[in-house]
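So, here's a batch of structures to check.
Across the two complexes that follow, chain A remains constant while its partner is chain B and subsequently chain C.
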Partner chain A sequence: MAFTAKSGKFSASINSVEVGCGDKKIVLGGENVLPFYTFDAPVENAPKVGVEITDSGLENEPECVKKYYEGCETVADMAKRAASFEGVDFLSFRMDGGDPNGANKSTEELIAMLKEIVAAVDLPLVVCGCKHAEKDAELLAKAAEAVDGKNALILAAKEENYKQVGAAAGLAYKQVVGAESAVDINLAKQLNVLLTQLGVDGKSIVMNVGSAAAGYGFEYAVSTMDRVKAAALAQGDVTLQMPIITPVASEAWGVKEAMASEADMPEWGDQEERGIDMEVETAAAVLASGSDAVILKHPVSIKTISTMIKELM
Partner chain B sequence: MHKVTFKFENSEDVTVFAAFGESLLEVARKTNVAIDAPCGGNGACGKCKVKLMGGTLDSKKTSHISDEEYAAGWRLACISKIIDDVEVLVPDIASAYKSRMKMADLSSAEEVKIFEELKEQIAEVGIELKNNLEVIDVTMSAPTLDDTMPDNERFSWAVEEVTGMDKIRVPYSVIKKMAHVFRASDFHVKAVIRKTGKDVFVYDVLPASEEPVVAGIAIDIGTTSVSAIIIDMLNGAVLAKGSAGNGQIRYGADVINRIIESGKPGGREKLQDAIIKETLNPLILNMCASAKIKPAQVYRLAIGANTTMNHLLMGVDADPVRMEPYIPTFFKTNSLFASDIGLKVNPDAHIILAPNIGSYVGGDITAGAFVSMIWNKPEFSIFIDLGTNGEIVFGNSDFMMSCACSAGPAFEGGDISCGMRATDGAIEAIKLDKETLEPTYSVIGDPGTKPVGLCGSGIIDMIAELFRCGVINPKGQIIREGRRIRRDEFGMGSYIIAFEEEAGSVKDVELTEADIDSFIRAKGAIFSAIRTMLSYCDFDISMIENVYVAGGIGSGINMGNAIEIGMFPDIPVEMYHYLGNTSLAGAYAMLYSTEAERKVYEIAQNMTYIELSNVPTYMDEFVAACFVPHTDKSLFPSIQ
Partner chain C sequence: MAKFVTIGERLSTTAPAVNKAFMERDPEPILKRAKQQLDAGAVYLDVNIGPAEGYGPDLMKWAVQLLQGEFDNVPLALDTSNKEAIEAGISVYNRSKGKPIVNSADAAGRIENIDLAAANDAIVIALCNGEGIAKDNDERMGYCQLLLERGLEHGMEAEDLWFDPLFLVVKGMQDKQMEILECIKMFADMGLNSTGGLSNNSNGMPKTIRPIMDSALVAMAMMQGLTSAIVNPNDLRLMETIKSCDVFKGNTLYADSYLEL
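Coming up: the complex of A and B.
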């Protein structure tokens, strides 16, 4: 008897969440199969790839990334350049400088920068905070206001500030709300419950369930994603059916494999190649574990991952 | 040297001299002034708040003290250094754990009901309500110049006659008083003896004209509190009942901290003194006075205590209990006598210890499991003891499994800023008005007693009500505002149950977000332990027919509320039964009935212990349960 493959599609599916507006808007999620299991059922929306720039412009970027932005004077210039890289689906603006323990830039200064970017590009936008929960409560609320009408993804509300960020982004300005938790399926779920109880529509939440560079406690991140997808699809848990976005660049470019110069580590070979490798490996792994979008930095990584996605779809 | 004066709300000042730079908490400890410091005194818990009335202390402000409080003189004792003569007020809540030893009023039927019911239940299952202590009449012929047999030989020979046994053991305490008692009563005496299959042991001799009291004491030694009863060994009647805080508490709120403290030089002696000299002996003395008997008439004791507590009681090294692979010195021992550890009762009194079955499942649980009677029922039941360590037993007449989880001291009021034991002044039940958020509560004590703090059952009610009224979200964060809701400068919210003027102490009675968080962890530990144990045995909650809940967390738990906050599984409330202090009840059974004692040993041997830390899914279950009612709402279908 001939072998008949059984479809492994689930009756539940991941929510489809639109980000951005106009011709360039993207849809995250929507699948009812395991990551890239297109043989079980068609996957309508391929995972998306974003490019990350920060409020410090070129200052903190690795040398190998700087060359791609040659001639850019302002962050808005960089945004335009980034939007032109091959394979980019959306733009992510990270306001690192707002951290009170770092540069402590004022909310006004950062929001002004964000507005310039909004005016400069028409790609869907992901707006990331400074990782300081208290500052983000204020900063991301203002950011939600500044991108009014753009249907941007505000990354992210956390347990400590979900009320302020959720209310501003999800209720007042109808942006997409990012929900960030620390590599634990239960904490991810709890935050989604809290946000929906606040009145945020579950269909406009995108999760960041935590991330790490490959090799740096990465198995926790991967297993959390695996389990979130299993609960969402196999058990039909509506409080976990939100698509997942994973910021990769901020993790991958901060580890020694990407940062150590060739002079310090001659046996490790070319630094740029190493950085790209870390970014590509991390991104490929989180996509295979169920991320619906990744945020990257190096144009070569972006092109590689975007090609990989196309090949697998 | 500086003069330090401790002032109290309801008792006399204590004055002591201390060196420059000494910690106020240390000075208090040395002086036996009770200031609660469950975190061990590192500024973490904020429970040791005292009010500076005069002089100056070198004391930092912490997140536990608001600006207004600091201005009003509130300081944390643990981080305050003596630099001047000072007067400090120790509020009731800070010393509440020691909260005045309390003798129960036995005229109320409630207090003795549990023991009467237990006796009936024991009789029903066919266990003989009898022990081997008895009183015999011994008549000897008086010695003469022709009959020169010494007293001891004369007496032993007479006892042989009466009992038909040929091995009679007469201890030193009896030899000492023999000559006098025999001659005062014309060699006609009563003897209190223990008769076993092998020999007869003589505890006491009295003139035949006296009616001897044969008393026994059952004690529950909890990590946080101690309670005990004196009974008549001949008919099982309860003669007196008392309770007190465990004096060891100043060395740490939980068993781990106690073990660490006992490992320091002189630590074992300090902890043994704290429980025996400071807690048990005064408690026994008070109970004997209230029962109008002499301590020397107490011939037997039975103790239900967790593994660490019975190790520290005996002065045995408890460190191996804490260290992998967690091996206690003993599960069972039957060679312990009152004089060995300095208990002020009859020196030959035998101490029965309810047997341990693991490092974290001790005699309190084996005694409790006996009382729950789950070992005698064909249907499946769960027995839960809500203490500093939550212990759970699951099974039926065919098998029993047990496990322990670290719930922390929250159920007994520890780790909660206004938490206290279930004693006078504790709010034990509470309701909120959904609109105004005004509370209605009942307080333990005489009518009119003002609230000082919350005991476990009060906290369960409080959290359930706050959740029902939409004051807190499932994470326990306060999301409504109102007259009774306050936020400190760090943004931490709290609900004020009784403002200072309504309260029976010098502080508001409040429940803070940090308290709620502690409690949610405690309830999460219990719920996840139940879930983990059931799934470990491949059982489902629907197979459970009865849940027996024990613990001294209040006179009763509102089971509906406990389910609503996700502490207990969502099964009909009729299946829940609150048993009160089963460790004490079990100790009572072991004390009064020799057959019950044997049964408890048998139960202990047949119980399998699961180490939850070895079950990979436990941590996951725990995080999922740290949410009100639970991260997985489908587990609580009855809650909207």
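Coming up: the complex of A and C.
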């Protein structure tokens, strides 16, 4: 008897969420199959790749990344340069400096920078906070206002500040709301429920369910994504059918494999190569586990991952 | 595993107010009860129009169109001994939210309802009962085989036959209760779906007791593998129990707000 392949497509699907506006807008999600299972059903929207810059400009960037921004004087210059890298679908601006335990930059200063970026590029924008929940409540609310009309993704509302961030980003300015939980599948679901109960449209939510560099508790991140997709697709759980975005750069470039200099670790070889490897491996693995978008930093990683996605689609 | 399927039982001619509304084709009381059940989390709604001799087809069509029109093509169980009425209901049924359920076939006089379901690509509730109440599980499983084979012969998928062990009333048949639960386990071991009028167990008990008995039984039955039940979804305790059991069984993912979903 002839073998008849059974399609593994699901009757449920991940929400399609538009980010950005105009010609360059992107759509995250929409799939009704497991990641890259294009043989089961067509995947209309390929996973997307973003480039990350931060409010500290080049100051905290690794040497190997700095060289790609040679001649840039402001973050707006950097944004323009970043937008020109091959394979970039969107731009991510992370306002690390707002952290009261760090540089503690004022909200006004950071928002002024954000506005310069908005004026400089027409790519879809992802605006990330400083990871301090209380500061982010104010910072991201102001950011949502500053990118009014841009349909940006505000990353992210957390359990501690979802009301403020959700109300400003989702209700007042109709941006796309990021929902962030840290490798906790039950909280990932709960946060989506709370945001929708607040009045945020479930179809305008994108999740960050947590990330880690490969080798650093990474299996928890991956199993969380696997289980989110299983619930969303196999069980048709509408509270988990939001696409997933994973910030990779901030994790991958913070571990010793990427940071240790060649002088300190001669046996590990070229530092730039190591950093790119960490970033590429982490990004490839989260995409294979169900991320609909990744945020990267090094132009070689971006090009590599974007090529990988094209080849697999 | 899929989520437990609750079939709301409150649209039944056994309730005088519903019967009157059906007779007078008065939408308001019907829609009100339907909404209460859906708001409480019912997946399917049972539409029990009784035997409805003569006027059954008209009434069932009216009810199907009324409910599906008002509630986004809510899936329905068409509950009547009147075959023409079921066929008429299916002829106007929109299956975008789920196949219609034929309620029900048995191993005696209503076995042809299996054929009717097969011909209409419907789900059928297959009551494992012949004439009178089955004396033991050997008899029940014999009916189960008979009904299953009849469905398969007519081209049905096994998953579209939902086997009903016939829940029995505790007051009078307390000694049969474990047998029913064991029967559900046998269905589950065969990979079959199952359902039934679960609240029958608490018939005749004080109103305050019924939710407690129904909740306990549904938890035990879900442990045995029951995949659906015809229940009163406005029984909060029962619905909370079902949602909690769905979490324990891994049918839904837990979140702190799971009872609100």
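Note that the second predicted complex is superposed on the first by the 313 of 313 C-alpha atoms of A that agree within 3 Å, B and C clash if a C-alpha of one lies under 4 Å from a C-alpha of the other, contacts with A are read in each partner's own complex, and residues count from 1 in each chain.
We adopt the following convention: contacts are C-beta pairs under 8 Å (C-beta built on N, C-alpha and C of every residue); 3 or more make two chains touch, one makes a residue touch a chain.
Worth saying up front: this structure is predicted, and the values here are computed from it rather than measured.
Undergrad: Superposed on chain A, are chain B and chain C clashing or fitting side by side?
TA: clash
Undergrad: Output check: A:E159 vs chain B and chain C. Expected answer is one of first, second, both, neither. What do you get?
TA: Only chain B; A:E159 stays clear of chain C.
Undergrad: Does the superposition put A:S16 against chain B (first), chain C (second), both, or neither?
TA: It touches nothing on chain B or chain C.
Undergrad: Quick check for you: in the superposed arrangement, does A:Q190 touch first (chain B), second (chain C), both or neither?
TA: Both: A:Q190 reaches chain B and chain C.
Undergrad: Between 564-572, 582-590 or 600-608, work out which stretch of chain B sticks into chain C after superposition.
TA: The listed stretch with clashing C-alpha atoms is 564-572.
Undergrad: Touching chain B and also chain C: which chain A residues?
TA: 185-187, 189-190, 193-194, 197
Undergrad: Under the definition above, what is the set of chain B residues touching chain A in their complex?
TA: 473-475, 479, 620, 623-624, 626-627, 631-633
Undergrad: Mind listing the chain A positions that touch chain C in their complex?
TA: It is residues 185-187, 189-190, 193-194, 197, 227, 231, 235, 237, 239-240 of chain A that touch chain C.
Undergrad: Write out the stretch or stretches of chain A touching chain B in their complex.
TA: 159, 163, 184-187, 189-190, 193-194, 197
Undergrad: What does chain C use to touch chain A in their complex?
TA: Residue list for chain C touching chain A: 2-3, 251-257, 260-261.
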